[in-house]
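For reference, chains read A, B and C in written order, and residue numbers begin at 1 within each chain.
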Amino acid sequence: MRKVAIVGSAQTAHERRKAEQNVEDMIFETVTALLEQCRLTINDVEMVIGAGDDVLDGRSISNVFTAEYAGAFLKEESKVEDDGAFAACYAFMRIAAGAFDTILVYGYSKSSDSSPQHYSGMMADPFYLRPLGVEALTAAALQAQCYFQKYGASEADAAAVAVKNRRHALRNPFAQVKGEYTVDEVMRSPVIASPIKRLDAAPVTDGCCAMLLMSEEAAQKHGLKPAWIRGVGFCTDSYYPGHRDLTEIRAAHIAAERAYKMAGILEPWREIDLAEIHEPFAFQELMMYEALGFCDKGKGREFLHSGDTDINVSGLLPVNLSGGALSANPIFATGLIRLAEAANFVTGQSANYPFEAKTAVAHATSGFALQSNIVYVIGCGAS
Amino acid sequence: MRRVAIIGTGQTKCKERRDDLTFPGLIYEAASRALDDAGITIKDIDAVVFGSAPELFEGVNHPEHWCAEAAGAWQKPVMRIHTGGTVGASTGIGAFYYIASGMFDTVLAVTGDKLSESPVQLGLSTVYDPILGRQFACGAPSAVALQARQYMDEFGVTEEQAALVAVKNRKNALLNPYAQLKIPHISVEMVMNSPVLSSPIKLLDACPASDGACAMVLTGEARADKLCPRPAWIQAVASVNEGVYYPGRDFATPLALMEAAKKVYRVAGITDPRRELDVAELYEAFSFQEMLWTEALFFCERGGGGKLVESGATEMTGDLPVNPSGGVLSTNTIGATAMMRQAEAAMQVMGRAGEHQIDGARRAIAHGWGGGIQFHTLMVVSNEKG
Amino acid sequence: MILQGDITIPYKWTTGATTGRFLGELKENARLVGARCQGCGKVYVPPPDVCGECYKPLADWVPLSGEGTVIAVTIVERPLPWSPAVVPYHLGLIHLDGADTNLLHMVAAEVKADDRVVAVFNVARTGTLLDIAGFAAIGQ
């Protein structure tokens, strides 16, 4: 397998509503910024892979229109209708195979043009979930109840995640929701589906992220600093939330095991310096600590309170220095942003914190109650 | 790059409405048949690629999540590819790269759509951009009629020649147990006299809408050698996009297909496609498209597509049979359609095409088409590793 | 500028045999049934078409009492246009006696985790999950 690197990424400022731009404008702006930053032209790009959603766009086969704005005219092109982090994995495989040297990946959504709640509610099957009005929020709320009851984690623990991530986001120029919130403020925000409150949830966001992946030869040729993809794994689980044990994220655990095996990681809590976790709801970050092997099952809250994941406390394994999904959530780009941020910390190019990670983990998810997950190990050294 | 082969294929029985199965049920039917054909079980599958066309057809977002169990993806890696009409082929190509990369050894690629769950032309009208076109959107035929008109005007290709394609493929379909539309006594007159959908396209120039699914099992060289006496080796793949609004766009000159063809011929070492290919499975959702595609694939000169079909060269007895399966004119699920082209091409070189087998087929090409008339995919398969 | 619009598409979703049987039992007999996987023996409620682990269709039926234990409850405050009830409504995860999986459905307002509940059926039934009005507490 050939080595594959992330050599650059760009993001829009993430905002509640971009009134002046349509999706094509956002994509073009982001891709152009990325090419300029890498001192490349679109002719250096061999292939484009998009990630977006027809329903959020209100337009079926939306890449008919978006692909050209990402520079795919008369190029190889494909689309992964899932988070951009999955599209990046497809790009990884095409480069690792030796068929391509340079692939551009973009993920975007403009939720303010549509309704992310409709998008989410339409993930429900027509027979068992849709009649109940189940959406990502309600599935997650049941998951939170199950997890809290089994392991004694509390709403305050989840709120502490929200506080940490939004404080981290203060230094992220792209973040949408940031500030010095308190646990009390989060706890007092309106309940949307108990125990989840408004400030426990990722916001509605318009935004885009683009990323360039290259082979070792191409990265050298263009003089770009590589963040190597040392390992990647992805996995899904049962669709219906009641068919799974909601107190653990089995699919994320399997995905992490695969990524760690590929990267030769034996002791994740020792070997990993930083993580970017896709947490649509605050409590899910606690569950992800466990799935990623940062702590034992049920110990997510203790790991949080150790301060290791908070740069303002011990910061031994900072999680979501970018602010995470809780600070900006352009669906279909949210996970790709995690990967982009992790890569920036590995190459020492983060605009946010002067934190350098030798080895970083990035995670993305989709589906009800974290059904499908992808985990990357990114490193500055070769595997 | 690691060698990759198709070692099993599975198709559902396609009907205008499969009232016996859910959408996941259809996916399961195709996937389990592909596993049986490959002689393996789900335990042998390392990863899954899922493909379906616009989710508005079935009304469920992230159908790969809904179909996780049915697609054999339970606690396995799965990713959904969605590129519209080409999605079936894009999914097969995805599986190729899953394996070529060395990430996975044995992969199940499964695609489908259940078009009868909603009015399909309503769903297809949502492909039109809401700001620049939705106002006059009326499904696929009207968009493609413009392509037909431009092609016919530019090259003098006739409606009668298009009708010959419609007749040829419908006759081939009589030999394919999985084909949906079977019209035993179809003739050029019948096609010419069928009602106009959007001139110059008439009802019998157009594909039906189907409920159906298709799946393939792909694997790397070592397992293919062990598991399959005569696999379909994938020699080259391509998926090329052009634009929708670029100046000077000519529907009658499918640049993306020509670009894709040049690439796969180069990779597969093909210099004279007409001689070196034994079978072609092309995505002719409308009869005249087959003529246009044969030109863009360099089977004949520009404008020669009409004469090619008249010559009989593309019939099952000709020197380069096109769509022995009956093609898209006989079955169109959209989601699985472009994979059916790949599966049929594979079946031909594996010698498993049954009554519509082309004798001595060694190398075949499979084509996919979609998007806003601008996505094209190609795959070349062979019974030789080469 | 903004162009307003919406997309409305009518659907007729085929239930297939497995879901059809499950919903048919609700409608015809006002009872809950589970489907047992002939591979692993797990009883699924509600039944998917296929057991993911064994990759076999589910067709072996097990009648259930309709009673079970509540695993978790969320009070839904944010409605969807197609929500089944006026918010706030209580959505529960219910472990039915005899099942190996949990069912999502509405529960009565007083119901909490670990409570025993029973399905309450509507008199007029049409063959949907909402033929069950919800789950009520047993034993008071």
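Throughout what follows, a residue touches a chain if its C-beta (ideal position, glycine included) is under 8 Å from a C-beta of that chain, and two chains touch if they have at least 3 such contacts.
Not measured: the values here are computed from a predicted model.
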Result of counting contacting C-beta pairs for B-C and A-B, higher pair: A-B
Most distant chain from chain C, judged by the mean position of its C-alpha atoms: B
Chain A-chain B separation of Cα centroids, rounded to whole Å: 33
Whole-Å gap separating chain B and chain C, where each centre is the average of the chain's CA atoms: 38
Two or more partner chains touched - positions in chain A: 58, 126-127, 238-239
Residues of chain C engaged with two or more neighbouring chains: 5, 7, 11, 13, 15, 19, 48, 52
Residues of chain B touching at least two other chains: 22, 56, 59, 68-69, 73-75, 123, 126, 130-131
Complex contact set, residues of chain A against chain B: 1, 22, 48, 53-55, 58-61, 63-65, 67-68, 72-82, 86, 89-90, 92-94, 96-99, 119-120, 122-127, 232-239, 250-251, 254-255, 258, 366-368, 371-372
Chain C - residues contacting chain B, complex: 3, 5, 7, 9-19, 48-53, 55, 57
Sites on chain A touched by chain C in the complex: 58, 117-118, 121, 126-135, 137-138, 141-142, 144-146, 149, 190-196, 238-243, 246
Residue ranges of chain B in contact with chain C within the complex: 17-25, 28, 32, 41-42, 56, 58-59, 68-70, 72-75, 114, 116-119, 122-123, 126, 130-131, 134
Chain C residues within the chain A interface of the complex: 5, 7, 11, 13, 15, 19, 23, 44-46, 48, 52, 71-84, 91, 93, 101-106, 113, 128-130
